[in-house]
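Please go over the structures that come below.
In what comes next, subunit A is part of two complexes: it sits with subunit B in the first one and with subunit C in the second one.
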Partner chain A sequence: MTVMAPETFVEVAAPERVAAPAAVAVPLLRRIARAAPPYLFLAPGLALLGVWVYRPLVTSIQLSFLSWNLLPTSPAKFVGFSNYERLFALPDFTAALGRTAVLILGLLPFTLVVPTVVGLLARRVRGRAATVYQAMVFAPLLVAPVAGAAVWQWMLDPRGGLVNRVLGTTTNWLQEPGPAQVAIIVITGWHVLGFATLVVAAGLAGIDSEYSASASLDGATRWQTTRWITLPLLSPTLSFLLLMTLLLAAQWSFPLVNTITHGGPSGATTNVYYLLWDYAFGSFDAGLGAAAGMIFFVLFGMVALVLVRLTERLTFHDS
Partner chain B sequence: MSRIQIEGLTRRFGSGNHAVNAVDGISLDVADGEFLVLLGPSGCGKSTLLRMIAGLTPPTGGRILLDGRDITAAEPRERNLAMVFQSYALYPHLTVAKNIGFPLRTRRRKDVDAKVTEVAKALGLEQLLDRRPRALSGGQRQRVALGRALVRDPGAFLLDEPLSNLDATLRTATRAELTDLHRRLRSTFVYVTHDQIEAMTMATRIAVLNGGRLEQVGTPEEVYDAPASTFVAGFIGSPAIGLLPAEVRGADGELRAVGDGVDMPLGPGHDASGREVLVGARPEHLRIGTGAVGPEWRGTVRLVENLGGEEVAHVTVGGGRVALRGPRPLGLAVGDAVRLTCDPDRIHLFCATSGRRLVRTPEPRRAAVAV
Partner chain C sequence: MTLIEVTTPAHTPSDGAVVLRESRVRTVLGHVVLGGLGLLCIVPVYWLYATSLRAPEDIYSLRPFPWPLSVASYAEARDTVDLPQLLLNTFVMAALIALGQLVTGLLAGYAFAAWRFRLQNTLYLVFVATWLVPFQVTMVPNYALLNQLGTLNTITGVVIPNLCSALAVIMLRSHLRSIPHELLEAARMDGRGAWSTLWTVVVPNLWPALAALGVLLFINAWNEYFWPALVLQRTNNVLQLALHSFIGPEGTQWGPLMATAGLACLPVLLLYLILQRRIVDGFVRSGLK
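Entry: the complex of A and B
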């Protein structure tokens, strides 16, 4: 007869924890080969970015400290900060900044207000009709600015031009300071309106239709839905357009200013972009042009930074 | 308090040869205070039907009445219905409090704050009122969506798969809460789901849809115990009922359904037409047979699944498959030849061509004998 061990309880042991075995050493070459693909994919883009963006930027910084008339045969002379000093001494600079501000304000209806209204109204246009309408709205952007400028010049002719005949006025649009600025704003606006409208349409299309469906069941009228739901959700798109307008308004108007008014009459349409072009390639003062370019670069950079910060705080992204 | 009547509601998408009837002539009468579940697989038209009730999708034909008032052409906001969307559709730029208060704000109600606090308290959302939807978990979002529906005492609640984005544990808990909510409010609920467990546990009545048409409308018990078609039989119940082809034969006044590996007495009768049928029984009603009488399935065990408390044996019978579910261990191993049986009243019989359930018409002859 065997003697039974006294009965007792023992815990069920948890599976044993085993220390990780030493990692197998991977040869350096193979480690590099494994890590390389993402960088290789990025390489062409980065190379182009370097060649077309950062190298010119560095060259501009260098140029802004030199005095050079763009002639390959004449030497560039180092002049320190004198280009910058000259720039702030000239009255053109601040005047051009002011005119650029007017241009930006004048363009906002074309890049924000009208596209939003048209986008909201055109939401119900669908299918083939939507394609046709979008193509029509987008068409001005496809017209070469110089070609557009030629037609507008003809239409704005003080004697027998279409605009004066329709308005019943005798304004000499391109030769009087005020009207010239208005003409540049309207033509630039006409040019970018289609683009802005498409951006707004894309923004609206990106808003989940369930929100407005839900709002309508929650008792919201169409106007309440637009004001309380659609517009706040469209705010990232609108702030993008605002940023684009602030940063690119002068650039958009450049081909028109250059072909129609040449910055005139008496500098009335000379914005910052035209000004720095005129310094460099009109007066052949590469250093002054580069210095102006640097100032605007920093200025617009700061504006963009502030706006992006503001946008992040004020707009709502649909998660 | 709302009764929803649907009469011949139809929704056609596309035109010409490509037209599809997403909802095809559906009529339903949802009584006040009922919890009606629209159940069916994806693409069966259940969501389209709900969106037509909500007014989000205009019907191609038919009428919708709310408390006898024709609302077919009414705007969604005029319908006094609240809806919980599958995506919840919480306004991402508004806080939880603003989201819940939205339906009151659109009506310019004065008591927004008080009502929002009341609803938030009932749903345990007081701590989250200042958060935006992005900062909420799936379960919290679901509650906010529910809160937004509750806040204005709507005539009826429409819910479109509200639990499908929750994990299994939360889904089970929320199911019980919804049932509880329905009992407290005594409101009309119309609830869309493809989940048979949600339908069985919450519904007072289930409407099973397939291909835009109603297959069966009944209580969960009716739908489970007496499925009206092979579709309903197969869609509800897990593992699915195994239906096998057989032929009705009569001999000596007794009817039998006989097929490959299947032989079952159907009781007295004279329908010796050789009618093609499908027969089956729920997996939990099958058992391993011993006697020679009663329904019989003969086959081979192909797979035994362990569910923890129970086991499911998949048995090949003839060309088809039946499942048997019972307490573990069943005592079956793969490859075993097995005879299965069940109580005769547990047999489901369907017409092989139409797929509709076959029921016995009253049998006067046997009554005469008994007398």
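Entry: the complex of A and C
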């Protein structure tokens, strides 16, 4: 890795907040002027995040205690914790959490297992062929989610779709709860496989080849080298992918659910984020949506925190 | 250029023949698995274009090659939606978002890489933590704010909230840190200020990385669905949303739907085919490290 920030612009103390006596006013101004540049360069980005991420986050917290139907003309009413109470009483809410867990489990083969196998095998294949395979696996990532949803809907069409005619089945994939859930998982997995493969490839490229070379000099078999050297060194990459899957699985499948199944049949594909969307723009219950959003935010934040802590303790680093 | 460094482990001469045979088997296995997986991944993309090029009466045909080729579906799509306008709108939206994210990312990345300052780590965390805030939590307040600003149903309303991306900041920070520190030092010796150093020294040196990241951000913005779907509810004037025009209660018009979807993906697929090496390199090197 690169060295820490260069000493070109030497460390400068942040400006003092307290009013200084007149005698030191000039040096203070100079100190502020010297400390200002990094903050000025950060200002546009921070301002945008402030307005479009953190302000709405705070507003959502407030909103979660209100009853409001999103119309600017109708007043919002303060209702305390009743949105949260209502939420836990609704069977949709816990069901959506459960279905999100199923979604995450179903996606792990696509984001962890297959990319690792592919990454390890890809080391044996080189030249033009490798570039072509790589482009093919990566292509679905470039297909716009809605376009991908459209073509899969077409391939899964019970009457003339490719899938049923090739498999010789008559499953109505998108209208039956079980198959619909499977379809959403497979389509989402198809979309993110290329990304995960690329991340694993980047991780493998970062592993110093001298380790495995010296291991095989010591008489280790190829499998032993993979098991005891490559995989442990790859563990930070894999835990990064695990974190992304946990946090973003529901997000990745959102456009598919929104275009293909609309959360159905009978709610079978309604995951947490689709539920939020539905509360806000389906039933125009902004308070309930905000309360659900807060719970998911806290929940996912805790999951991320625990995972990052575990990763720090359990993974191996090359240094 | 392969994605992965191929390592050639050293072997003792005695087991050379066995290893050679074994390694050939592994190479074949690699080709079979990767090729098979690649095919599975590409089939839906192929089927999308194949369907779009079939004659209307052949839409349900399962022949692998669409023959005779027909552009009837494209013609029908053109008659239903304003394709040139949609392409232009989507392009303008994606280009503005990518450019904005590149500029804010460059400025922030430069601040993090060139100085040491008191709130450095905290402020970096402020950028990274945006990944924890799901879009669905911020959408209602942001929608309300855009409503007040009167920018609902406009491209401006789609662009403005997306002008800063944590991904751009993180990637550019790590690129900027790899710029030799002597270079910045020399620029200071020449009497250049921080602002002019950024544009005359840093940016020219960072050109390949900026281009690769720019393409990635453009692709992301082009494929963006959530926010345009919300802001442009009434007008549907970007490609991703126009697809809904062909899905109706009286059944889906698969031909024109596939044609429009194909057009929606084409620029991005071409961009990737032309720049594959650069994008992958830029992605791998900027290293999620």
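The rule is short, and it goes like this: the second predicted complex is superposed on the first by the 283 of 319 C-alpha atoms of A that agree within 3 Å, B and C clash if a C-alpha of one lies under 4 Å from a C-alpha of the other, contacts with A are read in each partner's own complex, and residues count from 1 in each chain.
By definition in this document, contacts are C-beta pairs under 8 Å (C-beta built on N, C-alpha and C of every residue); 3 or more make two chains touch, one makes a residue touch a chain.
Predicted model, so just to flag it, every value in this text is computed and none were measured.
Enquirer: Pick one for A:Pro232: touches subunit B only (first), subunit C only (second), both, or neither.
Expert: First partner only, subunit B.
Enquirer: After the superposition on A, what does A:Leu46 contact: first (subunit B), second (subunit C), both or neither?
Expert: The second partner, subunit C, only.
Enquirer: Could you tell me if A:Ala33 is touching subunit B, subunit C, both of them or neither one (first, second, both, neither)?
Expert: Neither: A:Ala33 stays clear of subunit B and subunit C.
Enquirer: After superposing on the shared chain, does subunit C or subunit B touch more subunit A residues?
Expert: C
Enquirer: Now for A:Gly301: first (subunit B), second (subunit C), both, or neither, which partner does it touch?
Expert: The second partner, subunit C, only.
Enquirer: If we overlay the two complexes on their shared chain A, which of subunit B and subunit C does A:Leu167 touch? Say first, second, both or neither.
Expert: A:Leu167 sits against neither subunit B nor subunit C.
Enquirer: In the overlaid three-chain picture, which partner chain does A:Ser216 touch, first (subunit B) or second (subunit C), both, or neither?
Expert: both
Enquirer: Applying the document's definition of touch, where does A:Leu105 land relative to subunit B and subunit C: first, second, both, or neither?
Expert: neither
Enquirer: Is A:Pro145 touching the first partner subunit B, the second partner subunit C, both, or neither of them?
Expert: So A:Pro145 only meets subunit C here.
Enquirer: Examine A:Gln224 and indicate which partner it touches, taking first as subunit B and second as subunit C; both and neither are also allowed.
Expert: first
Enquirer: Please write out, lowest number first, the residues of subunit A touched by both subunit B and subunit C across the two complexes.
Expert: Residues common to the subunit A contacts of subunit C and of subunit B are 213, 216-217, listed in rising order.
Enquirer: Going by the contact rule at the top, pick out the subunit A residues touching subunit C in the complex.
Expert: Touching subunit C from subunit A are residues 1-14, 35, 37-39, 41-42, 44-46, 48-49, 51-57, 59-60, 63, 70, 72, 114, 117-119, 121-127, 129-140, 142-148, 150-155, 157, 159-160, 162, 165, 190, 193-194, 198-199, 201-206, 209, 212-213, 216-217, 222, 225, 237, 240, 247, 251, 254-255, 258-259, 273, 276-277, 280-281, 286, 289-290, 293-294, 296-297, 300-301, 304.
Enquirer: Which residues, counting only subunit C, touch subunit A once they are in their complex?
Expert: Residue list for subunit C touching subunit A: 1-7, 9-11, 23, 26-27, 29-31, 33-35, 37-39, 41-42, 44-45, 47-48, 51, 59-60, 62, 103-105, 107-108, 110-120, 123, 126-127, 130-142, 144-145, 147, 160-164, 169, 177-178, 181, 184-185, 188, 194, 219, 222-223, 225-226, 229-230, 239-241, 243-244, 247, 252, 254, 257-258, 261-262, 264-265, 268-269, 272-273, 276, 280, 283-284, 287-289.
Enquirer: Help me check something: in the complex, which residues belonging to subunit B touch subunit A?
Expert: Interface residues on the subunit B side: 54-56, 75-77, 79, 81-83, 85, 87, 89, 91-93, 102-103, 105-107, 132-134, 148, 152.
Enquirer: How about subunit A: which of its residues touch subunit B in the complex?
Expert: Residue positions touching the partner: 208, 210-211, 213-221, 224, 228-229, 232-233, 235, 316-319.
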